Amino acid sequence: MDADTLKTLLEHIRDGRMEVEEGIRLLKDLPYMDIGHAKIDTHRELRVGYPEVIYCPGKTAEQVKAIFQAMMERGSNILATRAGEDLYAEIRGICPDAVYHREAKAVTLKKREMEASEGYIACITAGTSDIPVAEEAAVTAELFGNRVERIYDAGVAGIHRLFHNLDLIKGARVNIVVAGMDGALPSVIGGLVDKPVIAVPTSVGYGASFHGLSALLSMLNSCANGVCVVNIDNGYGAGYAAGVINRLR
Amino acid sequence: MDADTLKTLLEHIRDGRMEVEEGIRLLKDLPYMDIGHAKIDTHRELRVGYPEVIYCPGKTAEQVKAIFQAMMERGSNILATRAGEDLYAEIRGICPDAVYHREAKAVTLKKREMEASEGYIACITAGTSDIPVAEEAAVTAELFGNRVERIYDAGVAGIHRLFHNLDLIKGARVNIVVAGMDGALPSVIGGLVDKPVIAVPTSVGYGASFHGLSALLSMLNSCANGVCVVNIDNGYGAGYAAGVINRLR
Amino acid sequence: MDADTLKTLLEHIRDGRMEVEEGIRLLKDLPYMDIGHAKIDTHRELRVGYPEVIYCPGKTAEQVKAIFQAMMERGSNILATRAGEDLYAEIRGICPDAVYHREAKAVTLKKREMEASEGYIACITAGTSDIPVAEEAAVTAELFGNRVERIYDAGVAGIHRLFHNLDLIKGARVNIVVAGMDGALPSVIGGLVDKPVIAVPTSVGYGASFHGLSALLSMLNSCANGVCVVNIDNGYGAGYAAGVINRLR
Amino acid sequence: MDADTLKTLLEHIRDGRMEVEEGIRLLKDLPYMDIGHAKIDTHRELRVGYPEVIYCPGKTAEQVKAIFQAMMERGSNILATRAGEDLYAEIRGICPDAVYHREAKAVTLKKREMEASEGYIACITAGTSDIPVAEEAAVTAELFGNRVERIYDAGVAGIHRLFHNLDLIKGARVNIVVAGMDGALPSVIGGLVDKPVIAVPTSVGYGASFHGLSALLSMLNSCANGVCVVNIDNGYGAGYAAGVINRLR
Amino acid sequence: MDADTLKTLLEHIRDGRMEVEEGIRLLKDLPYMDIGHAKIDTHRELRVGYPEVIYCPGKTAEQVKAIFQAMMERGSNILATRAGEDLYAEIRGICPDAVYHREAKAVTLKKREMEASEGYIACITAGTSDIPVAEEAAVTAELFGNRVERIYDAGVAGIHRLFHNLDLIKGARVNIVVAGMDGALPSVIGGLVDKPVIAVPTSVGYGASFHGLSALLSMLNSCANGVCVVNIDNGYGAGYAAGVINRLR
Amino acid sequence: MDADTLKTLLEHIRDGRMEVEEGIRLLKDLPYMDIGHAKIDTHRELRVGYPEVIYCPGKTAEQVKAIFQAMMERGSNILATRAGEDLYAEIRGICPDAVYHREAKAVTLKKREMEASEGYIACITAGTSDIPVAEEAAVTAELFGNRVERIYDAGVAGIHRLFHNLDLIKGARVNIVVAGMDGALPSVIGGLVDKPVIAVPTSVGYGASFHGLSALLSMLNSCANGVCVVNIDNGYGAGYAAGVINRLR
Amino acid sequence: MDADTLKTLLEHIRDGRMEVEEGIRLLKDLPYMDIGHAKIDTHRELRVGYPEVIYCPGKTAEQVKAIFQAMMERGSNILATRAGEDLYAEIRGICPDAVYHREAKAVTLKKREMEASEGYIACITAGTSDIPVAEEAAVTAELFGNRVERIYDAGVAGIHRLFHNLDLIKGARVNIVVAGMDGALPSVIGGLVDKPVIAVPTSVGYGASFHGLSALLSMLNSCANGVCVVNIDNGYGAGYAAGVINRLR
Amino acid sequence: MDADTLKTLLEHIRDGRMEVEEGIRLLKDLPYMDIGHAKIDTHRELRVGYPEVIYCPGKTAEQVKAIFQAMMERGSNILATRAGEDLYAEIRGICPDAVYHREAKAVTLKKREMEASEGYIACITAGTSDIPVAEEAAVTAELFGNRVERIYDAGVAGIHRLFHNLDLIKGARVNIVVAGMDGALPSVIGGLVDKPVIAVPTSVGYGASFHGLSALLSMLNSCANGVCVVNIDNGYGAGYAAGVINRLR
């Protein structure tokens, strides 16, 4: 609750236009919907510009559906991440319009078009195996009103594949760079562009990749500038952050 | 065996009221029941106020049942943790009164009511996925005679959900705070209350959460005061410790 | 800011007893004192019952002294932790009454006696080398009005030393158990008492102790109940938490 | 070298306006200045909009001075990070106009004003000990033409200090959030703003902070959205990335 | 694209033998084949002497087959690693000549014989359980034209087994040494031969082998000389590198 | 091959009693039997007193059976560890006398009685879940001619269970102490006995036990003396080492 | 306190030969001497056969001297480990007979000869830099009445140096094997002898040796049998354990 | 000792040309020189083609000098690594011809020219701070008869600096690539050349570089082929291995 809202509310009470008890209720009860196992942050869309997102792992199908239902009733755009096909089938039972993005393992429901941004986000992967994470990023960014250009399998071991797409990469307002194993791609791209780079390490690899640790450390230590990092396999977080940046005016 | 008991025992022997051999037997044989694969600490309830608890993983169903049976025969309240539904079915075969707590994955048998505490324990989770761990804590504390107030899905990313429940939180004698991922919730609560906070990291998360390591380290490094930590996913330990604290007079 | 205060404030505004602008100012400006490099949480003593504490590492002597000075002017009891002798000399320059606890590396200023608790805290170490951490705990607890009984060098390798002090240990309302290396002591004590145990791993050791990691993990995995853990070498945190628990009525 | 430049160059050769040998020379020799132990990327300012930066650790004073000298001769703005006072003294010997930022441990030389951005960057720390890292970020961002608002010592353990500055935080185009220990602050801020948050873990702390690992993991696992992370203590990287984002139009 | 090619291309344009647009196309479009989810580095065989290799994990069967198909059409030798029997069955559907190496879990298609090297590579394992990794190395090296001598189960715990094969080991131009657990074998061999040793740690072991970390660290710290290390279980990488070395003239 | 054997062999050659070629053959071919995927160290029983042992994981059933067969033909006692019931069924097909130890997951074949040792080995576990590892140790020691006394579920949280068995523990020539979680038991026992203690950490536990790392570190840092450690879950290694020690005269 | 002593004590009380109060005093006060910062385990020599040892790090010179003094007065043999030359100088001030072992960094005082063992202990290092740890082991074992044969710098990279000393190694009742870096030596020796091997990892090395972690893991995963491991650089522990084993009859 | 030598030796004994005792002496005493704290592997030059190298850390100046002296007397080329200037001064006292390589921290003595190789080794660093490690590699390779081309400060963040030197890189028989931080350079070079790449991670960096772990993991997970890795900061090992490869015919 920011300063302006607080001031208005206090003025209404001072002027007798609002009861004190009502003021307390408003300050406390408005911002979320409590369905027992979850407190849906309905105030979030006003506060930060995007609706809450459903992270599915660890939730039962009943819990996911209850949250989905509650959000549907409020008319929000909805994004559920890390959802298997079975879970999608259950969601479709209560919401036939829900769309499944198989590679991204995401379920979306688009109730209203977000205002489109002018620029676009480039979403680049080092390898084919990194695509699911990149798709989670792309689907997230697109749902929130961004245009996304996909450039897949352009890792540094065949660096001409990257250079071929350099114009597309340099034209983006934000770059999402997805890589596992050595995680070297963001360093190369970060040295070539003058825009922010969001690096997403993936758990692609084996042995001393330690489930993405190798790529994560590599990206955190990037000797290029303007490179920020999100969690391993966190396509959603990258897509969200890129959207927030792309939307800056 | 504490000093008073030892003194009495020695006096009985001195006064001829007890045989030396009997004294040795008492000092050695009373405190536990040996069923081969387990030595059930029957003395524990006298020593620390609570019966022993059955931690099920790594034990065969036969072993769990044999321990359960032996404790039933002594009339103890019983708690078996980390028990799947199959194991519960087996236990019910020898003890139809046993109750299964599905979310907590716990089996309880309540033979006698523990003396109820006056104050209550608040059990708070950051997210919906943390509920199973919180339920293990709550079921444990309740079995041992504590009142528990549950506040689920109140993480710091929508911090007004937390503030809405601040009275309930501040009113508790002990707070159990359960969180995965960034483990940030105990630090915020620790800064708001003047009561002990038991922080429980969970393995909820992925990638650089490293199965709860992230939340564990975060909680150990809490910049708030009065925060103590138990093992990752150790709802039982938190519920037990909170009960011990709540029972202090 | 809790519900009661908020309600009173809103009622004052409604009744015209307070200006709206004043209300905003109160809600925002009261709780801390801003001295540029630090925002001293003056509201904390009211909120959680204890004044803020100065953690010295990473602060310049000038910063520590400025914070100390500001707290002196408010008449708080003051505790500065991890302070070397040089820093103490500087503090004494502005506050001749400040006391230095050499082993604990703590500076205290006691302006008013805290209400003494009835019970006492037992502070136990496994070895002689763990004493500095235990002293930080003890000094903290004592400043905040607790009685502390010290039992040093009672580790499990000569377990009779522990048993000799069992009455003193069992009589405490809270036990602080400080150990490095194998960190085994809290497990043994936790199995003997019916009171909370706060385990403090120390960085005492070498090689595979990995600066306290060994003791930390050991304590987190204690097979005894009622054991909670704080950060490695965090005597202050243990003393604080023990005091909060000891003060419960 | 982007596509347009390449095309022009090829056309010049085709049209006989440029010799083949000259074309090769241009393609190869222009972009950097080789001084033996370093290849200064003089092309970088054109390519990504900012001059190269001198990271001092591991370089001899002679090497730093030689690089500094070479950049001076090209009229670049210069930033040298992690420079001790002794090194600064040596630099001042060849460049009396160089400015030393003591807390940031940075040396700057401003030869030309960068175009000022409209919005500002908020630079927030959890504690006083985090200020040196925050200053490195702020000095970097300011040198590259950004306005920076500093909000220091506003950690979650006294969360009202944060809320007091909420307007300033929400008004920023980008937030840099600097925290050690539990690293919880970015999660709270990320839940309150609709702008990108660049989280900087610091090595402030001890024991299980493992030199910043705790804060790093906590930030990577932030349950808030829009949070990106840079390396531990990497104030420079955060300041740079924030500047790149702030400059987006 | 190396200097000579660039020079020729520029000369052709200068001489009017090639259009500028054509020049750009060549510089950009030649080197790979884009099939959407993958950019097959067709230029690689010319650049580094070997065709690209298909790393199967994380790719769908459709993606693997599409890449396989595209490479078949170019007449390349093909190697697909970490392929289960099911995947092989699918590949055989489009390429009946594909051969499956069960122990190595590799699929190969040999379209043209690589020029045979004169010397041979010795491929040695410490134990029987290390054979699958060694076979991946051997199959890779053989496909690329090398002769391989296999010496399996010759670990240091029965060191005479190693000495028995010393002539065969000393006669090789390169040794691939594959070991899990203590990873001690490369150190012993490295002390006996005057040729390069490529050490391959395997994930064979349990407990404190930490999935190959033990062997990896042991090999990196080898007190013998001439020992280089590849990733855990990376038979392919070792076979490839050994082939590159063996082929040096 | 030790010095005496070498001398005799050389003398035989000098005296013409043995051909040079025969000498080479003996020096090289005697000590093991090569069955392709394995080199069975048949010389081992002479060299170190015990036959080789078959570690089953990572070997195919065919490989295990072939090694078993080869050892049977030489009349050795045989021990195969980490064998599931399916594998045992296959072994029984070629060797009906093979015995399966279900808890230990071990297969044994006893062809000749080892000379019995006079003293005995005590094999102690902290909990019931540690029994499988302890059984692997006990079965190993028994096959190699040692008497073993089992004391299970005697962990430090109910320390009187341990003291009850102190005579049995103190009477042993060697103690094997098996514990997971906090791994505290060897430190307590090490402080009570004057005989060697072999500590076996187990992977029993969860969360911050990190699959036995916690117990391993705890044991390595034991503040008691005479404690040596083997790998996590390495019952076999402990049983073997205890046998070697017990057999010393 | 074992069963026999307890029985005698109880019988004395029963027979009136001992007062009850005296019995309690005996049970509690005999076993250690309390000097405030330390509780010297004077009972230890009776219980486990060796006097307590002073581990110096983390203790002040005053504390070390007070413990030394108290042990002198009891006539014990004394061993103080990890003592620098300065500390030795202080000890010599109160005990001119104390001997300093410079390489081992140990101070010893021999008041009475321990009964000599018949066999000897071989103490072997991989390199010259491992000698200080080996000397700590050797000095410890010698003080406790063992003969020690030193074989230094016999690592696997020049394995003939090891074989040259094979008779001496095979003749020992126990082998202590000290190695850093790859820690490969115990595996080779373990495969050659039929006696127990105590492996001591050292922190010798750099980079991925991670202060001895590499050698530690290597030794824990030794594919040879009969190998037990102590903490990194723990020469004392190895010497003590070897002595306990060597003394077995 | 290889088969041919053994055969000859045995034949000499058979033919009476050599005494049995002499044969034993030869087999055992020839290969090294024992100076107490070190066994200098004098046989090594014959066995693997290069003399032994002195790794200085952990050795006293006296030990280093004694080894140096012993090697001088045999006329070997000598290399002492990780030697500070003080140590060099001591060495020069006994060997005025010894040369100090300041950046490499290496002392060399060249008694005889090694046969020069035809090809050359390229030694490339990512940054200026990596030069000391690269120099250790270069000095090692040069002492052993290789020509080395140095290309310093050519990291991927300004990738044109790399391409500029591509001809020099592609012309080498072996590439040594030295990088800290993200360790991305070997992946890029590995994708461009058809020769072996020896990757050397350095401890250059801070925070999440974890003293070179980041670069090490990155290199082990390189998605390019033909990349082998040595220990962190192990310039010597890389130079040695590169020389062994370069010398292959």
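For clarity, chains are labelled A, B, C, D, E, F, G and H in written order, and residue numbers in each chain start from 1.
Just so we're on the same page, a residue touches a chain if its C-beta (ideal position, glycine included) is under 8 Å from a C-beta of that chain, and two chains touch if they have at least 3 such contacts.
Remember, it's a predicted structure, so these values are computed and weren't measured experimentally.
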| item | value |
| --- | --- |
| Chain E and chain D - chains in contact with each | A, H |
| Contact distance in steps, from chain A to chain F | 2 |
| Far-end chain from chain F, centres as C-alpha averages | D |
| Remotest chain, chain C as reference, centres from CA atoms | E |
| Separation of mean Cα positions, chain H and chain E [Å, integer] | 25 |
| Cα-centroid distance, chain B relative to chain F, in whole angstrom | 37 |
| Mean-CA-position distance for chain H and chain C (Å) | 53 |
| Sequence positions of chain B contacting 2 or more other chains | 3, 28, 127, 157-158, 191-192, 207-209, 213, 216, 220-221, 225, 231-232 |
| Pairwise chain contacts, counting only pairs that touch as defined | A-B, A-C, A-D, A-E, A-H, B-C, B-D, B-F, B-G, C-D, C-F, C-G, D-E, D-H, E-F, E-G, E-H, F-G, F-H, G-H |
| Contact set on chain F toward chain H in their complex | 3, 6-7, 10-11, 13-14, 16, 20, 23-24, 27-28 |
| Complex contact set, residues of chain B against chain C | 2-3, 47-50, 53, 166-167, 170, 173, 191-196, 198, 216, 220-221, 225-232, 237, 240-241, 244-245, 248-249 |
| Contacting residues of chain D [partner chain C, same complex] | 127-131, 152-154, 157-158, 160-161, 163-164, 204, 206-209 |
| Complex contact set, residues of chain D against chain H | 1, 28-29, 31-32, 36-39, 41, 43-44, 52, 55, 57-59, 63, 67, 201, 203, 211-213, 216, 231-234 |
| Touching residues on chain F, where the partner in the complex is chain C | 126-127, 155-159, 180-184, 187-188, 190-192, 205, 207-210, 213-215, 217-225 |
